[in-house]
Structure formats: structure tokens, C-alpha cells
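Quick heads-up: structures coming right below.
Shared between the two complexes below is chain A, which has chain B as its partner in the first and chain C in the second.
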Partner chain A sequence: MHIVDGALAPEVLIGGGVLAVAGLGLGLRKLPIDKIPATGVLSATFFVASLIHVPVGPSSVHLIMSGLAGLVLGWTAFPALFVGLLLQAIFFGFGGLTVLGVNTVNIAFPAVIAGFVFRSMVSRRNPVAAAVWGGLAGASSIALTTLFVAVSLMLSGDAFAPAAKLVFFAHIPIMIVEGLISAAAVYLIVKVKPELLMPEDHVAGFELSASAVNTKQASEVNNG
Partner chain B sequence: MARLLASVLLAGLVLGAGVGHAHKIIASVFPSGANVEGEIGFSNGDMAADTLVEVFDPQGNKIDEVKTDGDGFFIYTPRQKVNLVFRADLGAGHVAEATFAIADLSDLNVLNETASQPSASGAQAAVSIDEIPNSSPNGGKVISREQEELIATIVRDELRPLRREITAYKEKNDLQSILGGIGYIFGFFGIAYYIAARRLRDKETKP
Partner chain C sequence: MSHLFGHDQPLSVQGSGSPAVSFVGSFDPRVRVVAAGLFAIMVVSLHQIEFALGAFVLAIGTVFLTDLPLRLTLKRMAAMDGFIIVMLVMLPFTTPGTPMFSVFGADASQEGLHHAILIGIRANAVVLMMLSLLSGLTPVALGHTLYRLRCPAALVHLMMFTVRYISVLHDEYHRLRMAMKLRGFKARNTIHTYRSFGYLFGMLLVRSLERAERVLEAMKCRGFSGHFPMIDQLMFRPRDGVLAVAFFLLVTILVLMDRVYVFAY
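Showing the complex of A and B:
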């Protein structure tokens, strides 16, 4: 999942860096103030998830939790996952600083896609249906990430088909575990705080009312 | 549905077995007499068995290559007096890299002598030179070369588990760094919150 330093060609690293900066810019522009705490919490979730090893058969896999970030945050998943990846590289040596851009794109872009595809399904009122779609979002985000990893390896010289197969099959256990955990998380969110998963226009409406309240408060302060 | 899930799970286990998962790679090299010993594997304990390890000089020119054994262990005998870079591609974006400073090698003089006779293979030459009896002025008080070799081998064998433990310890993620990382994240988003809030206030206090 995390590509390490020295595995990729310089052109791929630069391309990944440029795309990551573009994604970060877009994510930060679309970051409404009331989503900042959720972004921070999901960034921390992603950061810690890689340390949770789930034993599967003779080996173990670690969680990634990018699908959930994509569902809740949309484009803002870029800054959230970037911060998580940066600190993972510094603290644990996962990945590396030169491949940070490529890793960010490989993990965050699938999360954004999964978020866009599944958000309307997940924001339903029925928690069970939402949980199923949430699980699918989690699993498909990982599947897309393996595809992206295979593409970056291919651009650096590996043959695409064997690399893609290798990475995809190695991650099937993670997809399953991740799908189940994303489903559980979405179930909880729909029950407890459904507005977190609402489509953008609802959030925009909420934002408008929030700024109206703010303006009212500000004028009150001026009057007093 | 359950059967489908089980079969997919099984397929993943069968096809995914032996494949490097999303784990950190550990590559360590250490001096051992005239040789360099190294180990390559994943942080979850899977070792890189039968993997090609390429040896480069600091300029990036390929000097040589060796193969790991079933436990991801390899021994390389340097032929030139240059720092070495060991590199192994474990597939799926996992590349192990370890550097070795040639000055750490205890038998450097042996290396120099073997380098002057390029026809002899490194390991053989090293052994034959080592076997020349050590003529000491004090007579029987100094141990012979053979005994010295034996002691060095024993010490190396005794130290090997210790070295492994140190390598494992270096890779350990302790609670402090985990909590520290979470703290950094919350701090960072706290700053973002502050900046966003200031901006919002500036916008709204403007007439």
C-alpha cells in the first residue's frame, strides 16, 4: 500500500507530487469550517489505523480507512490523508518523504472517487442499507488504490498485469476487513450523526445558516 | 452470499500467501570478519527468501549480486574497498535498501591483499591468508590464528540474536510516537481551525 523510497522513477515521483499538491489545494478550498474537526479526527483515524494489524490466516493485514474518509470528507480527504501519511512516514517509516506525493494520490484519490460514487447511497435514512453501501465504499476504495499502485509501478518500469495482480490479490483480505469496519462505522454515523454523511448541498445550506448566525452575533457585539 | 465471501477470502489467502503485504521492510547489514552479513524481510516476520540482492557502490554502479537463502539471510564478500549499498526488489513497490560502511569491516587488511590478486575468489583467499600461522615474539602466550578465528565465529554467533533484537527494537512503534502523532494531527487541525475562524470573523466584521 505504501510505496517506499527508491521504488519509483523520478518522473512518477514528480507527477505524483504535482497531482497531490493540486488535490491538496482543491481539498483545502472546499474545506468548510465546520468540517475541520471531522477532518482532523479522520486524519488521526487513518494515522492510527495502519498500526492495527488484523490477523488473516498465516499473515496479518493492517487497516487503511481511506474509504470512510472519502465518504465523510469528499475532496477534503486529500489534506486529511496527506497529514496522516506525512506523520506515518516521519514517525514509523511507512513509505517515505520522496514518495509522499505519489502515496497521497494513490490513497486519497480513490477515497474521493469512492466518496462521490457512494455518498448519495449512504446518506439514506435506512442505517442497514447505508452500512452496506458504506462497506462497499471502503472495499472499492482499497481496490482502486491497488490499481493506482500498479499504475505507478508500471510507469516506473514494471509490467502492469503481474504487478496489478500481485497488489490486488495481496489486498483482498484488507478489502474484506476494511469493508466490514467501514460498514460498522457508517451504521454508527447514520444512527448518531447522519448530517456528517449528507451531500454537499445540504452541508452548504447548513453552512449558510451558520454564517447567518455568525453575522447576527457579530452585529450584536457591535451594538453592545 | 456467505459462500461467495468465504471463497473470495480463501482465494485471497491462497493467492496472497507469500506475497509481501503492506508492511514495512527491514534490511540490515552487519560486518562479520571479512564478509558482510545481511538480512532482508518484512516487519511482520516474513523473510525475503531466495531474493536477488544487488550490490552497488556509492556512485550507483552495480558491483555484484547475491541471493538470500530461505531465511532471507545472505553473506557477501566485498572485493573492493568502497562503501556498499545493498538493494533488493521484493515486488509491489517494496524495495529494501541498506548501506554498509566498509570501514566497519574488521579484516580490512585481508580485503586489501585479496583485492591485489583478482584471480582468487574473495572468500577462499581470505581463509588461506588467515591460516598463515601467527609468529609471535612471546612464544605460546598469544593464541594462534585458528583459535582467534574460532573465537570470532563464536562471538558472532552469540551476537546474532542480539543484533536481530536490536533491529526489531528499532522498528518498534511505541505508544509515545503514536500519541505524539495524534497530538500533531490535532494540533495541526487546531491551527487550521484558528485560521479559518479568523478569516470568517474578518469577513463578517467588515462593513
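Showing the complex of A and C:
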């Protein structure tokens, strides 16, 4: 999934860089100061996801979980995933410096899109329905990412077309596995901590009703 | 891999804690970061194999001026080559041009082979130069350096938090994984495995968010106002200037020669 330095045409690199800067700018605008710690911790979680290896057939792949990142973080998934890619590029040598923009766009934009499309479906109370939509979000963000990778390869020259097709078909099992794992993760989150997947106003309402229940119960105990 | 992001990192940037600093490590990190970026951009724009090889030799030379463990560096490069090998092998067969040889009826063209070799050399040169120029730079030091290079503060802070919590969450992951192992979990190609990994990652997310809430409260307690004091002083000395100018000239000459001079085959 990582494209390396030296493969893409300069136009694609520059285009990817510009798009990445635009996305970063937008994402950072939606990131108030007191959200930075939480976003940083979640960004670290998604970095750790890339260190978790899951068996697929005879081989194993590492998790990406970009769909979940989009669901949980929204636009701020862009800077969060960028940070992870930057650290991987610099300290592990995965991907490269000049393709950082393209790689960020390829992974973070699908995450943001999946987040926007599926968030309202996932933030329902019914865990099974939420899990199905969450799984779709996880699978579709990987599908979009491979599509973006294929497009950026094909824009760099027709000779890459077969390689681009190969990339797409080789990732179909990964889409399925990511979808299944995302679905299970969403199922657990909806049961354990639903406010993680809810938009801000829902969280406020949820906390309000929870505190109302708490005070009611407290007064009941006192009276009893 | 997460050893890089351990808790006990030195907080200073210009190695006051570590006694032995390599030749490359003794320069100002700002110059090194900018040089790595410049080298990447310039090498990607090289068109001729001879000059790309020159850049590769330059990168190898730089490795010997650092204290990078050679085997580990080669292993990282091999990992990166593993990513691209399929594409490189396919390229000669998919590029139209003068046929050279054929395998199973598919013609390999000279132009395609040329292109594949070029990509391979460029990719390896960039990675090698980056690993050696940024060797000895901890993630924290990188954050400080980027801040000094006027990257957006929010982005740098986000990166510092990420770096700080990667090791913590990796430990958390190992704890959860150990608990699964104790209950007899074994990763296989089954729905059960994927469901368990999903629960594992979901639990990791839930715990990390709860941790983030505690972290924010603790930071507010200590008066966090959205700004970290950067407690180090980077010094730009004359020798840093010399390195910057020399490196810039070297890379520019390489690119200019690549454009002007054509090898006669």
C-alpha cells in the first residue's frame, strides 16, 4: 500500500502534496487545543494498529483501520494519520519523503469519506446494525485507498496499469478482513462506550441524560 | 519496532545526554532535516541511471559517517524493496519499446528495464540518505526540530503526543494479547480470529480514549494552555552553514549534470 520514492511522476507528487496540505489545513482547523491530547492518543492507537499482524490465508497483513479512524475522528483523521505515516517514513523507511503527500491523501481521504458517509448510521443504539455499517465503512475505506493507489500509479504512466490492477485485486481479501475486524470493533464500542462514535451534540445529550439518571438515583437512595 | 518510542527518551536534542555522537549527528538537526528533504526531491527528478547511481553512492558514503548498525539498515532497505519488487519485475513487460528477451511469450523491453532499475536505485538512495541523515534523531528531537522549522504548532504537538503514547498503547496491546493467549487464543484464518481482533482493537480504542481524558484533566491541572515550552537550544554554528552550502551545491550539480550531460552509448 505504501508507494515509494522515485516511482511516481513529478506532477502526481506535486498534486498529492498540495491536496495533503489542504487536507491537513482543514483537519488542523477542526482541532482545538484541548482536543490535541485525545487526538494524539487516538493517532498513537492507529499507529499501534499498523503493528498488529492478522493472518490472511497463508500470509499475514497488518491492520490499517482507517475506516474506524474516520468514524472516530472525522476530519481530524487527516492530521492523525499523517503523523503516523510521517513517523513510519522517517523511522522505519516505509514509504518515502516525496511521496508522503500522495500516501497521506491515499489513506486519509478515504478515511474521512467513510467517516462522513457512515457516521450517522453507526451512531445508532442498535449494536448489530451499527456493526454492519461499521464493517462497510472499514471495507470501503480500504477499497477506496487501493483505488486511489491504483489511480496515482496509472497517472504516472500507462506502463503501471497492470501493476495497479494487481494492487487492487490483491487487496480484496484485505478489504474483507478489515471489514470484519472493523465490524467487531464497532460492535464492542457501541456496547461499551457508545459516545466514542457519536457526534458532539449527541455526546452532550447522552451525558446530560446520564447525569440526570445519576442524580435521580442518588436522591432515591437518600430518601430510602 | 516501538523501542524507538520508549518512555525514557532524552529530552534534549543536541546530544548532551549521549556522549558519543557520530559525524553526521554532530550537525544541527534543522540542517539535516532540510537536507534529507532536498535530497529526496532532487533524486526523484534524476533521469539517468548513472547519476542515480552517483546519488546512491553518496548515500552509502553518508551511512559510513553515522553510527547506524549496518545490518539493521540493510534489513530496513530490504523491507522497502520487498514492497516494490513486484512492480519493478512487471515494468519491463508492460512498457512498450525495443524487445530484449521474452518470458512465456511476454516481451521485456529495454526502456521498461531501464525505468525499473532507475526507480529501484532512486528509492534506495532516498531511503538510505534519509535514514543516515536523521540517524540519532529521536522522535522527540524531530518534533522540536520541526517546530523550529516553523511547522504548525498544532501538528507538532499532535506528533509529540502520538510519539509519547505509541509505546504506552503498544504495551497495552501486549497486555490484552497476553490475556487472550492465557485463554488459549491462537490466530487462525477463522471468523472467530477476526472477531477477537476486532474486540481487541475496539477495547484498545476505548481504553485509549479513557486514558486521553485522564491525560487532558491532568494537563489542565498543571495549567496547560495549548503550548509546550521547547526546552532545548539548537545552535546553528558555522560548520552547519558549511554543510548546508556544500550539500546544496553537490545535489544541484548532480541534477544539472543529469540534465546537461548525456552518456554516449
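What we mean here is this: the second predicted complex is superposed on the first by the 184 of 224 C-alpha atoms of A that agree within 3 Å, B and C clash if a C-alpha of one lies under 4 Å from a C-alpha of the other, contacts with A are read in each partner's own complex, and residues count from 1 in each chain.
Throughout what follows, a contact is a pair of C-beta atoms (placed from the backbone, for glycine too) under 8 Å apart; a residue touches a chain by one contact, two chains touch by 3 or more.
All figures in this text were calculated on a predicted structure; none of them were measured in a lab.
Visitor: Following the overlay on chain A, give me a clash-or-fit verdict for chain B and chain C.
Guide: When both complexes are placed onto chain A, chain B and chain C end up clashing with one another.
Visitor: Should A:F91 be classified as contacting the first partner (chain B), the second (chain C), both, or neither?
Guide: both
Visitor: Pick one for A:S152: touches chain B only (first), chain C only (second), both, or neither.
Guide: Touch partner of A:S152: chain B, not chain C.
Visitor: Going by the contact rule set out at the top, does A:A111 touch chain B (first), chain C (second), both, or neither?
Guide: A:A111 sits against neither chain B nor chain C.
Visitor: Pick one for A:L73: touches chain B only (first), chain C only (second), both, or neither.
Guide: Neither partner.
Visitor: So, A:L81: does it touch chain B (first), chain C (second), both, or neither?
Guide: It touches nothing on chain B or chain C.
Visitor: Of chain B and chain C, which one touches more residues of chain A?
Guide: So, of the two partners, C touches more residues of chain A.
Visitor: Looking at A:S43 after the superposition, I want to know if it touches chain B, chain C, both of them or none. Which is it: first, second, both, neither?
Guide: Both: A:S43 reaches chain B and chain C.
Visitor: Considering only the touch criterion stated at the top, classify A:L19 as touching first (chain B), second (chain C), both, or neither.
Guide: So A:L19 meets neither chain B nor chain C here.
Visitor: For A:A7 in the superposed arrangement: first (chain B), second (chain C), both or neither?
Guide: A:A7 contacts both chain B and chain C.
Visitor: For A:A137, decide between first (touching chain B), second (touching chain C), both and neither.
Guide: It touches nothing on chain B or chain C.
Visitor: Running through the overlay: 73-81, 127-135 or 145-153 are the candidate stretches of chain C; which one clashes with chain B?
Guide: Here chain C runs into chain B along 73-81, and the other listed stretches stay clear.
Visitor: Would you tell me the residues on chain A in contact with chain B in one complex that are also in contact with chain C in the other?
Guide: After superposing on chain A, chain A residues 2, 4-7, 31, 33, 36-37, 39-40, 43-44, 47-48, 51, 56-57, 83-84, 87, 91-94, 163, 166 contact both chain B and chain C.
Visitor: Show me the residue ranges of chain C that touch chain A in the complex, using the header's touch definition.
Guide: 1-2, 4, 36-37, 40-41, 43-45, 76-77, 79-80, 83-84, 86-87, 90-91, 94-96, 112, 115, 118-123, 126-127, 130-131, 134, 139, 142, 152, 154-155, 157-166, 168-170, 173, 187-189, 191, 193-206, 208-213, 215-216, 219-220, 225-226
Visitor: Contact residues on chain B for chain A in the complex?
Guide: Of all residues in chain B, those touching chain A are 5, 8-9, 11-13, 15-17, 19-25, 44, 46, 87, 89, 91-95, 97, 171, 173, 177-178, 180-182, 184-186, 188-190, 192-193, 196-197, 200-201, 204-205.
Visitor: For the complex, which residues does chain A have touching chain C?
Guide: These residues of chain A touch chain C: 2, 4-7, 10, 13, 24, 28, 31, 33-34, 36-45, 47-49, 51-52, 54-57, 63, 65, 68, 72, 79-80, 82-84, 86-87, 89-94, 96-98, 159-163, 166, 177, 180-189, 192-193, 196.
Visitor: Using the touch rule from the top, collect the residues of chain A that touch chain B in their complex.
Guide: 1-8, 31, 33, 36-37, 39-40, 43-44, 47-48, 50-51, 53, 56-62, 64, 83-84, 87-88, 91-94, 149, 152-153, 163, 166-167, 169-174, 176, 211, 214-215, 218, 222
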